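Some structures to go through are shown next.
Two complexes, one shared chain (subunit A), two partners (subunit B, subunit C).
Right, the complex of A and B next:
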């Protein structure tokens, strides 16, 4: 019958083997299915922003881009308020960045007389829990060179000292862009509901360090999709997890099965130095110890030239350089050496 | 085998003295060959530099074209020129040294700081950091106004690409720069991290130019008998020509301006000789306007020396052919055409134990015979009719006999693109008639191959170590589980799934003859348990494949599957059970019964299931897609339903009752909602078909068991194509305000924006056809883009992580022993075996 030895259990050892080139396997596990992924970022209706996904997201993470396309935060709330919708709503307002241009109906720039007229919107101000006086106070505190006149719901801002048109215009742009309340970089905060009917806040834009200072926020467990933000507030171990989980989520979203160990390894190697470095030319691959490995990767001539100036020597320890010079590589079966006992060798010789 | 082991390779620059010592000839004639086609003495093809013509002898070593590896020569430049690749470095040195006393302008305090930093770098042997440190120092020094040593006021240095330097607005010529650099003391260089033994800065101003051997730049003889020189030779000829003219002009006392012009020209030629892509320099070209490939271009990029010739090489003992499928092979085998097997060889290392067998191969006049015999001393002799006896007589242990490929030899099989390690696997040879490579039908998945003309490569490992590695680590039967996710990569597909469905669906009975025949094809000569009606149920036939003690429960697409004591009790084996949608059954069998069992099992499964399909017959016909009146009505209903909803959204937008979704404007909200709403039409149609169709419709049947196609194919064939998408949105561009000229401007009808309501069976209307083509074009274009983008990401990932390996304590280490992970993956479990319930 079919099985040679019935009841034989073939796989007993599930441990990873000595010398296994886990780096290459991890890279292949991410690289091979990446051809099947979509290039477009997804627009999912219902959530605050477009959430970048697919291949561009993977590349963004693996490259360690400082400016992410669409970072988001998931902010869990204090158990005291998390079931109270009104309290949560109030808190959410504190997140959302409000600038002058968000609370006005229209503005009139008079560059000749260097005057800026703002028509404030009552409803918009109320929406963001601001009053005219607050706005005036904040503006005068920030901009010293201006005087503000109040006429019903109009604010007329004029420069104290006359300046040329160009700098006046720049000053006006700054005023229009002035942040009145909220957290910098957060342009939307939406209230979402858990399965247990408690609420949490979902934001577009990420700024953990300021978000954790707001009252009612569980400051130790904010989730952010921006690894650099996580690094800044929670440290490198958390950043490592952020990268790994974001990779996992992206792959899962694409319906591609990849074991978490592979993504963990990528994240671990990216955070090896205590900060986040990308895998590319300016990151891991570009800072290898071996001159040959770097030269074979990218910017060949530059690496050779610099190596000669500083008298660098290539230790020939890695894979790439040993392939180049034709030596056995130091991973996998190339790692093990054969040993034979002296007496055994003598025995063999004697037999012959 | 490694005779000598290179420990490390140090990079330095060549001093003029070294160049002269290396050189065997000073070249003086700016020409290559004379009229007779003979190399000119002192020319660029001087015979002292080695020879490439088969008839000539090298004048330095006496070797012939094949044995002489070539020797360097040199050109003495009458005026020094700057090495373009080091120009930026020279500039940095000029900035950080005093213009009068030429010392590095490090003040006492700064020098101490730098010393400390350097000490640390040397301690860690991290030479790359030296570069960063040097950059930092230069940044500080270039702002200094006065030299801390001699107090001279410093003027602004300026560098203009590629090789021009200015001091206080005035040009400084290379000879002045050389004097300046020469004056920098060794200690000062050491203090800023430069190794004067490796590089003295004045060496970077070239007064002697090293000329590579002739072998490096061989000339080609064209069919017409004309000689065509290498790009490097061309460049060198030009350098020598200008050099000669410059020397003559200087001797003749020509005006300075002419000399300067020539000097600059010489600099240009040297610059392009090193790198023809130097920014700010016009590219040197052939007469055909093709840019010259000079030194940097030879090394650089994908087609450069490093990546094309050193990281990857062409190999012998390889073959390539078209692949086709063969259901009678195991996944572990590869069918090799006789034609290939009789040309490719495998070495037989002669020992006292196999010498007789080796002799037999040599004596055999036909396949399988020996093609070559390599004696102990390394002399290769072809086996011919005439020398056969002599070779046998002189054969002794230690010789190597190269014999033809035979059944059960181990070979590597590969399909490009080689995206993961399963793209190269080791198969056992099965020599066959025909001209194509044959592989088991199920073996195509890991290679990502199909049989529509795909070609694959075959390599014969030549050493015993390589063969052992292939046997133990690369055979498909051992690689059943993917290292990516731990699930099987070999499973039943298409016809096999269909066949298994027919066998296992429960009401299939075979007569005794039929059952016996089917089982005999897979080498089983027992009959399964008889059913009550005297026939044999398909389920009991398939149960013959399972071990007697095999127990399994799982879920297929429709419901539970139960196997008890090797008998399929309940359920159908569909693609979720044993195919691409999750082959849990195969995984379980592999884990419990091992590679050899699974190899047989897959073969038997294939044979049996295909036999079942042959028996029943299966075809998809026009009938399956026939559009009935009922379907037409339903389609109209669906279209109306979806369009009504869509119109409501548009209305809502127009009368401002539609609220914006958070984060969107109202208009964006409308477009997203419309797109989602209209895309739903297909889903509704799918639900309808699922309800009304049954397994008498073969197209629907194949889709529902996961054998081939999907319900979407049926929808698009007989219902409607649905909403098309271009760049993730509804088509919107083309003409102003409309997609095609056949619509009115700003038409609100969904059909004017890619909602295709006709189906393939009835044919598309012209507008539908174009809208569909827009969507198709978009997805085709994106696909080609994804491959390029993902390919580059893949390359970067591999380059970053290829040095990582598992150390003896299960930690992950890099090439310099740096710790990446203390225990691999946190638990030290191989991802290949994540689905295995281990004993621990």
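Right, the complex of A and C next:
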């Protein structure tokens, strides 16, 4: 009896009642303001990196796109170096991806003689803390079939065994694209300042697993806007937070007020399976148990055919299928059921 | 002409005739000037236009069709060629417009050549560089646009709205309206010429086809009844004929010939006809099966009785040719409409079949829900008709026809509306019409002029009058701005739009309620609405919308095999045709779901329904 009373109180005191369709409310709470976001999308001019924002960003997150338009990272630094600008600058250089094409002034392709002439830029090399010898060493290490000749600031690369022009051209493209230093996928690293005058690094492009290996980085607290990158390095709980906070930030940036718990719920259901799944027909909607619910959403024929082949049965527990056949839905007021059968009630009364 | 293969081609200017490269010239500008000179003298046709693009150094000569061109007065050496002498001659009728064109006073320019000119709006704007002069600034607008008044005082964004309203206005659309059988037409009872017009309005003789009336308008609220673009009308004004109009709708029908020698026939359908609607429906038809003129008709009344041959060919009976069966195919009055038969037209189609056109006339007196708009993009829907004695009145006893909410003016920035009110007021006192042609009014001068007229007749200079409340008789603290504005009655009227449904027809296939006014349909309860109810957790409301008020269907379901069965009323038992069992249960499901099951069955998928308990 005591336990029953306790339950009664707790049910009365909760903010969200039992049977509240929280998913629908969350979807509506996100969906309605996003329709307004399209109308007032504004362009913030003058910012170095263009971060995708507004409705496209929300769609990108909710669809769980593997390739994000513009992922970024916020890298907090070790307390030892975070107030030392020079040390931070040195570290930031290690982030930025540098390829051959980033350190040359121009290049001349001589396909006939299968020679590639690179005109190195001193200032660009200095910027990225590279020397000619380092470049030559790295190139010879990576590409076996080439010989490198140095002429003042010119590097003349020739293929030892030249095949046809096409393969030579491909080889040259590979050389131009060769990564000399930095982390793959990060094309810019900017030093930013906190309110307490300490520095942190802001990158365009995301690669947590490599960034956390660098000395001076607080490897356990890198923030990335790419949930898949977070998933890979920090696990699914972190990925859930990444999705939820990214949604929150995007909505906040547009000046739309949405309660965080709605976005938390969406992120929760997206990461429920241990990995990130989108909301669409390949993700959440496709995992619905009911044949009717899936068929009512998209690809009707496919689901009916498959259901008939495997002899599926539909227990009619969800919302969509009950609306379809015209039954009262098991949500809100429809959830309440008589716990005691009428006949049993008579028995109890008789006993009394 | 210089050759194409000139060595220094870059220094030459290419010449294009109708977009085709034909040659090069040394100096494009000089070349263009030469052509223009010759054109004005008459050596070259005046239909040729030439354009020099200094940026890319190209000359375009255009002589093809399809270019929109506009006349300009030529200005030479800072002087208009259209001299006062010519003006005098033109007034006397000694010369005409074409004379001016022929003699190089006026020339037509296309869109491209306009890029090369420096045009003055009026004669006093002419400087040394001026090459052309506008004949009249408002000529830059089209028919609808140039007939608006004081447009330069309004916000640009309001103009297209105002023109749209002009297009929707009811008026005196044709003088031969009595002989016309328009599918739908509106005719105003007492259309008036506006007190403020534009030059184009008069030139186009639009004053012979007015589409509105001059309303006495006061800017005032009225107990909240004209909040947010609602209008308050004076009931007495309406009773005197303000805004009253006639609505004509023509119903037409034809005796169509069918293959096989069969044909429709205009007649009162016999009671044996298929789809006979009952005797009372055909009561208003004459002997020939067509309704008589000046007969009152109501919704559902048949106005053209017609029988058609049956849809399917009949089988031969044993007695030879069977009795000829017919189908009722009469035209009835539209739902929600009524009126008097105005006239009936009998004619023949090109295919020599009989044609009937019946024109129904109904009088549309302004009522709550009808739309009005001024020519200054101020629209409103009538919310209340106030008896004259309850309307506010001035010390002179002037009672406005219409009360416009003053809040509708400031944020729309339609200053032209206030100017028209003043001009209309001054004009109505003096018995004079004022001009509101685009770019021809000096705002402050005009206001001064109107103020002088108003003052000389004992009115306030700036149009604001002292008013007394019609209900209490007390004087208002503030003065109300009052004036006369030309208001149009637009053809959006409640009587043609009102629609209700409690019960009604359903679609044959899905048994769901029909959609749309002509089918007496309901309003759609769509996906988003459904989702909203789920979000509320209002499961029974949802069930009512989606099932009880929609396509509820009782269905017999077999307890043994789960297939759909039926109830045999002769044997008084339920039957399952699949397994032969008679152990069935009656269940209420949506008909759409039953249809889904049937369609799945047709594709060799048999869904079985398991019943609980």
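Basically, the second predicted complex is superposed on the first by the 313 of 352 C-alpha atoms of A that agree within 3 Å, B and C clash if a C-alpha of one lies under 4 Å from a C-alpha of the other, contacts with A are read in each partner's own complex, and residues count from 1 in each chain.
Just so we're on the same page, a residue touches a chain if its C-beta (ideal position, glycine included) is under 8 Å from a C-beta of that chain, and two chains touch if they have at least 3 such contacts.
Everything quoted here is computed from the prediction, not taken from an experiment.
So, does A:211 touch the first partner subunit B, the second partner subunit C, both, or neither?
Neither partner.
Return the chain, subunit B or subunit C, that is in touch with more residues of subunit A.
B
Can A:269 be said to touch subunit B (first), subunit C (second), both, or neither?
first
Contacts for A:62 in the overlay, against subunit B (first) and subunit C (second): which applies, first, second, both or neither?
First partner only.
Looking at the overlay, does A:20 come into contact with subunit B only (first), subunit C only (second), both, or neither?
In the superposed model, A:20 contacts both subunit B and subunit C.
For A:325, using the defined touch cut-off, is the partner it touches subunit B, subunit C, both, or neither? Pick first, second, both or neither.
It touches subunit B and subunit C both.
A:155 contacts which: subunit B (first), subunit C (second), both, neither?
neither
Looking at the overlay, what does A:239 touch: subunit B (first), subunit C (second), both, or neither?
Neither subunit B nor subunit C is touched by A:239.
Touching subunit B in one complex and subunit C in the other: list those residues of subunit A.
Shared contact residues on subunit A (touching subunit B in one complex, subunit C in the other): 19-21, 24-25, 27-28, 304-305, 308, 313, 319, 323-325, 327-328, 330-333, 335.
Mind listing the subunit A positions that touch subunit B in their complex?
Going through subunit A, the ones touching subunit B are 1-4, 6-12, 14-35, 37-40, 42-43, 45-49, 55, 58-59, 62, 188, 190, 204, 257-262, 264-266, 268-269, 272, 279-281, 283-285, 287-293, 295-297, 300-301, 304-320, 323-325, 327-328, 330-333, 335.
Using the touch rule from the top, collect the residues of subunit C that touch subunit A in their complex.
Within the complex, subunit C touches subunit A at residues 530-532, 534-540, 542-543, 546-547, 552, 588-590, 592-593, 596, 600, 605, 610.
Provide the residue numbers of subunit A that touch subunit C in the complex, in ascending order.
My answer: residues 19-21, 24-25, 27-28, 304-305, 308, 313, 319, 323-335.
Once bound in the complex, which stretches of subunit B touch subunit A?
For this pair, the touching residues of subunit B are 2, 5-13, 85-86, 89, 126-128, 130-131, 134, 193-195, 197-199, 275, 296, 299-301, 304, 306-307, 310-311, 419-421, 469, 473, 483-487, 524, 544-549, 590-597, 600-601, 604, 661-663, 672-673, 676, 727-728, 782, 785-787, 789-791, 793-794, 796-808, 810, 812, 814-816, 818, 820-821, 824-826, 828-831, 833-834, 836, 838-840.
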